Amino acid sequence: MKNSIGTSVILTLAGESHGSEICAVLDGLAPGIPVDEAFLAAQLARRRPAGVTDTARREADAYRIVSGVREGHTTGAPLCILIPNADVRSADYEALQELARPSHADWAASAKYGGFEDRSGGGHFSGRITVGIVAAGAIALSALKAKGIAIGTHILRCAGVEDRPFAALPADIETLAGAAFPVLDEAAATEMTQAIAAARAEGDSVGGVLQTAVCGFPAGVGEPWFGSVEGILSNALFSLGGVKGVEFGDGFAIAGMKGSEANDAFGLKDGRVVTLSNHSGGVNGGISNGMPILFNTAVKPTPSISKPQQSVNLRTGEIQTLEIKGRHDPAIVRRICPVVDALVAIVLCDLLALRFGTDYLKP
Amino acid sequence: MKNSIGTSVILTLAGESHGSEICAVLDGLAPGIPVDEAFLAAQLARRRPAGVTDTARREADAYRIVSGVREGHTTGAPLCILIPNADVRSADYEALQELARPSHADWAASAKYGGFEDRSGGGHFSGRITVGIVAAGAIALSALKAKGIAIGTHILRCAGVEDRPFAALPADIETLAGAAFPVLDEAAATEMTQAIAAARAEGDSVGGVLQTAVCGFPAGVGEPWFGSVEGILSNALFSLGGVKGVEFGDGFAIAGMKGSEANDAFGLKDGRVVTLSNHSGGVNGGISNGMPILFNTAVKPTPSISKPQQSVNLRTGEIQTLEIKGRHDPAIVRRICPVVDALVAIVLCDLLALRFGTDYLKP
Amino acid sequence: MKNSIGTSVILTLAGESHGSEICAVLDGLAPGIPVDEAFLAAQLARRRPAGVTDTARREADAYRIVSGVREGHTTGAPLCILIPNADVRSADYEALQELARPSHADWAASAKYGGFEDRSGGGHFSGRITVGIVAAGAIALSALKAKGIAIGTHILRCAGVEDRPFAALPADIETLAGAAFPVLDEAAATEMTQAIAAARAEGDSVGGVLQTAVCGFPAGVGEPWFGSVEGILSNALFSLGGVKGVEFGDGFAIAGMKGSEANDAFGLKDGRVVTLSNHSGGVNGGISNGMPILFNTAVKPTPSISKPQQSVNLRTGEIQTLEIKGRHDPAIVRRICPVVDALVAIVLCDLLALRFGTDYLKP
Amino acid sequence: MKNSIGTSVILTLAGESHGSEICAVLDGLAPGIPVDEAFLAAQLARRRPAGVTDTARREADAYRIVSGVREGHTTGAPLCILIPNADVRSADYEALQELARPSHADWAASAKYGGFEDRSGGGHFSGRITVGIVAAGAIALSALKAKGIAIGTHILRCAGVEDRPFAALPADIETLAGAAFPVLDEAAATEMTQAIAAARAEGDSVGGVLQTAVCGFPAGVGEPWFGSVEGILSNALFSLGGVKGVEFGDGFAIAGMKGSEANDAFGLKDGRVVTLSNHSGGVNGGISNGMPILFNTAVKPTPSISKPQQSVNLRTGEIQTLEIKGRHDPAIVRRICPVVDALVAIVLCDLLALRFGTDYLKP
């Protein structure tokens, strides 16, 4: 599907880091969904660089919704959202456009596009494109919230600092709403910020692990074999350049358990069937079981560092030393949280529309 | 896509654990690919239960290729492969068909299908269906091998025992070819087998982590944003019921590194651009970079254990105690390796056909 | 999508004219739909050759439903239906397998598959494969009928003989149910049969135009621009080798009208909004309007004729004279009617599932 | 696929008649294709209203390519093209927005979107959206032309006037290039223009039949059963609101022929296998045979007429008389020709990319 994802609710992305606008088209959303522009702006703000942990690039994100909305509600036609790129300094990049940045997409993209690709600021591979995901996802998040479905992501681990895992759901998700630095334990925020600033000071970068929870999602959604909730979500998450791992429930840890430890026994709560534990992360056989959907996402350290690195000149094929000078994020773990929330919301809207019809999210 | 996966090369699965046959339709494979029936049979044998680590169910896997092959070569028309189910003992299951087995798909499936689903032996959610993946995948594996692309999966970790990770590629993949118990370190095989047998003796089960390598895959394959090599592969892997995590390259470990540790610097080898390390697992920005594609898959312990468990009666909604008596695998890590190889081969054939055309794998 | 069609309800076809079985996999149908085997057998009988208008090949169509059905109802898992091929006489074809039959797929298939294709009896391009469509479609037709949606196709025109067009709907559809020679005017049946027999006697063949009506289909289904009811249906209809034209409502005739003649004014009937005419064939802007969906399908004369024809030898590239000796249909207009009904039913089940959810057709 | 079409080359449309911009995203086009802006502007001009046969609305079509192009060539990343809407007079429509216009999408759209749809000027169903198809298609047409593939559409029949059918191909296509009123016989242009003007004078409208030819398209492209060249093209053509019929080769006329008349015998021309006639329109069994692809498209009279019509009030459900006052086309046959060319070009780029790989159109 290339730059589109979804079957009934479909997101399409276009744009480059240093182009005039990023474009997101969100098709298939139910008609009648209120578009909460304050929430949309707030989500964009959460993704925006700010403070010592992020790039110095400043973006206004003065988005425009060009279609699909009338009198504050979705019409059912595709939404086209445009977000202008501002504060673009291509000059920073010009010098290094011939050199492939290690662990960036430059080299792989060159093999694919034969040198015609736009390399400026990472071009179409830049994290800047995620602004379109956040904008479109804000509307999906609102629609889900109105149905009692809440999504939240926090930084579980970063630069050796641990946040506490989700414990009280859905209250913990509420805590994260609008958080500039999304952690559950405030002390972790301070420590992580310091560790990120220290990495920046060294001209280095750090990664981290995110934990996401989805509460209120109905049981019986997803498909065997190749439309599993886990598979669909993981495909979406791996679209984000820095993501190198996805695990549901206890994930890699469950591989070390015994069946008697890992199985989620059944019980009743308020007359409703529940599982007494949630090692499975809310999904069995690819289908939601009504418990919170829980997953972790591994984010690698941002590959743009200012330390010298051995690189290849894409024009000449020579090995050369690269020193990156531009403005970069020493860590994207903070800014990627609203992106994950947005992407997950869009994907879940799609699964719900497939299961219950295109009007399911219509108020 | 429900029970189908792929865009240009498409696998469709049908069948149930206790039905007459499993059916796999593989569409879009290039014409002229030799069908190596001995290799196909060998791959089925690798997946077949055998010895103390597996279920006592005995399956002959007397497959038939009903279409798409003429005089030993693919015709370009869809291959329909049928594998009869043998040694079915539904009686083992009848008693427990009203009780949802913890961490199986029973409860989620009931929420989805409203009680019309076939529960016998896990029905359409049974691992038995993977026999269709292995059969179809054997032809894909052969086609890739003829193009110099090798795929191998071994048990990296199981029940506290570690195998050595891939070190010498592609030689290590050769080592695994046809292995009944796929590990790189023979001593690990013995220890793992003992640990699995011990779990069985306790009426319990164990899981593990698989490591897969793909060598010889060309650079420049895969799509930004939503057709990434990582996303497409992870979606396929999560189709397997027991899989709870997928990580590429250093995966979750890379999240704890600094950029200067995690980045793969460039170098030259035999005049070809390579990376000097492979923390990224052969994929950048969703696109293959020509290095080996490396990923790990977390497999949970098999949920069928004979210890008593608290369950829910799907008919009455009552909480009851379940004791499973049937024949089950105390671990699927051994049998799932050829399934992973097969699934990965099919998915990569699809990516190659999309990139280079439908005749790319034609000899 | 190659040999699969649909998004939420998906049909996949495999098999060849002279292979052992034809395979149809129907995925995504709601659980709980009764499988009326008598109706299924009757639909297969309607498609079966019989009498002077058809090929002398005799097929028993002893189908087997291998998966997806339990205790007479769909389970929600994919249905795999196998129909054995009987009375195969490949010897009839062997002589001519090197010669491309004019207006058959032979030459085009050879350009596509490079000679690896199975040519025996038309291979995967044979009309024999439609037996899978009819079998799968019978279940879709039953499901739609239970929702008050009726589908009927008759031969509007064949060999210069005209049937009367649909006038009293849905009663006319009832008339066609189970008809061996589906026309609304019995006299037309006799005349058409004679004309077809006459063509056969000359070693020639005839074509015709089919008219199809769908009654009871709800308004508001279909998508603007690329998921239109007309586009989706036409894509399905053109899959049938002999189809060369599809028109909705007044179709090509409407192109010669004025707007004031062609427009369907609105009125009320039993308190419900209706159109007073139906020149549009039940679809506006690609979306159903609640009126009967009406379309015509042009079927070319069967290309297998016994008159000598100038052909090309696919092996040598030489121009040679071809004289076809096998058993062939002098017209397929009769046998194709249940195929159209079946295909339309499957496609409409898909559109309904997308619009109203996967349980919409669950009783 | 809703507002997207294609598998490897994908067009997505968004926008409304009276919104700020129309948006077309074209994804999957090979890198390195020159973007001929003069040709793009010329194609937009061909679609633009002009003279007595069209609406009085004046549009500048000051398009912007926001992404996917660098230094005049495609980069391989998605092209986002924005075309501003100008000269919008919503006031013309406000009065009638409660009344469903007969044979427009208003009523069906209301059934689908429940009143949330944008009705102004037809909203997302307006022919205005086709400006995005023409802009994106211009680049596809250039890419095909560079490979020797030419596409042309003319008005075969309009208001009782006949143009001559394609006879000398590809020369006839050359004749049509850039034609303001695309016919092969100049006299037909004058007569058709007069007939359209006469219909306008009566407050009425007319339709017509278009004929399209594609020359130079390679043999062996397309898929059995559900990816046929005919099915894929017809699905695209029926996306256009006014299209009510599509026929390939001799289409509905072939249904009245005998096999001996309809079959295309084989011959040799310059050492290449050809068919001596082309009743099949260049496609057999869904697969291109190397001959020109020929098809006709039936276009209904534009439903916006100024004569009084019986309508339904979408708010109250009452039957009322509608008199349309806005500016409308008395015929769209002229303006739709470049839209058909564009849409066909995009679809054929997709089929070629699927068959021969994503770099096939790379110069």
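So that you can tell them apart, the chains are marked A, B, C and D in the order they are listed, and the count of residues begins at 1 in each.
Operating definition for what follows: a residue touches a chain if its C-beta (ideal position, glycine included) is under 8 Å from a C-beta of that chain, and two chains touch if they have at least 3 such contacts.
Since this is a predicted model, take the numbers as computed values, not measurements.
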### Task
Call it same or different for chain B and chain D: same when shared residue numbers make up over half of all numbers used at their interface.
same
### Task
Decide which interface, A-C or C-D, involves more C-beta pairs in contact, and give its chain pair.
C-D
#### Entry: Geometric centre distance via CA averages, chain D-chain A, whole Å
38
### Query
When the C-alpha atoms of chain A and chain C are each averaged to a single point, how far apart are the two points in Å?
45
### Message
Roughly how far is chain C from chain D, centre to centre by C-alpha average, rounded to an integer in Å?
### Response
27
### Summary
Shared-interface residues of chain D (touching two or more other chains) are 1-4, 7, 13, 77, 112-113, 124, 224, 359
### Query
Which part of chain D faces chain A closely enough to touch in the complex?
1-4, 10, 12-16, 19-21, 23, 25, 27-28, 31-32, 64, 66-68, 70, 73-80, 82, 112-114, 116-118, 123-124, 359, 362
### Query
Can you list the residues on chain B that touch chain A in the complex?
1-5, 7, 13, 100, 102-113, 124-125, 129, 157, 160, 199, 204-209, 218-228, 230-232, 234-239, 241, 243-252, 254-268, 273, 275-276, 279-281, 283-290, 296, 298-305, 307, 309-312, 317, 319
### Interface residues, chain D side, partner chain B - complex
7-8, 77, 224, 354-360
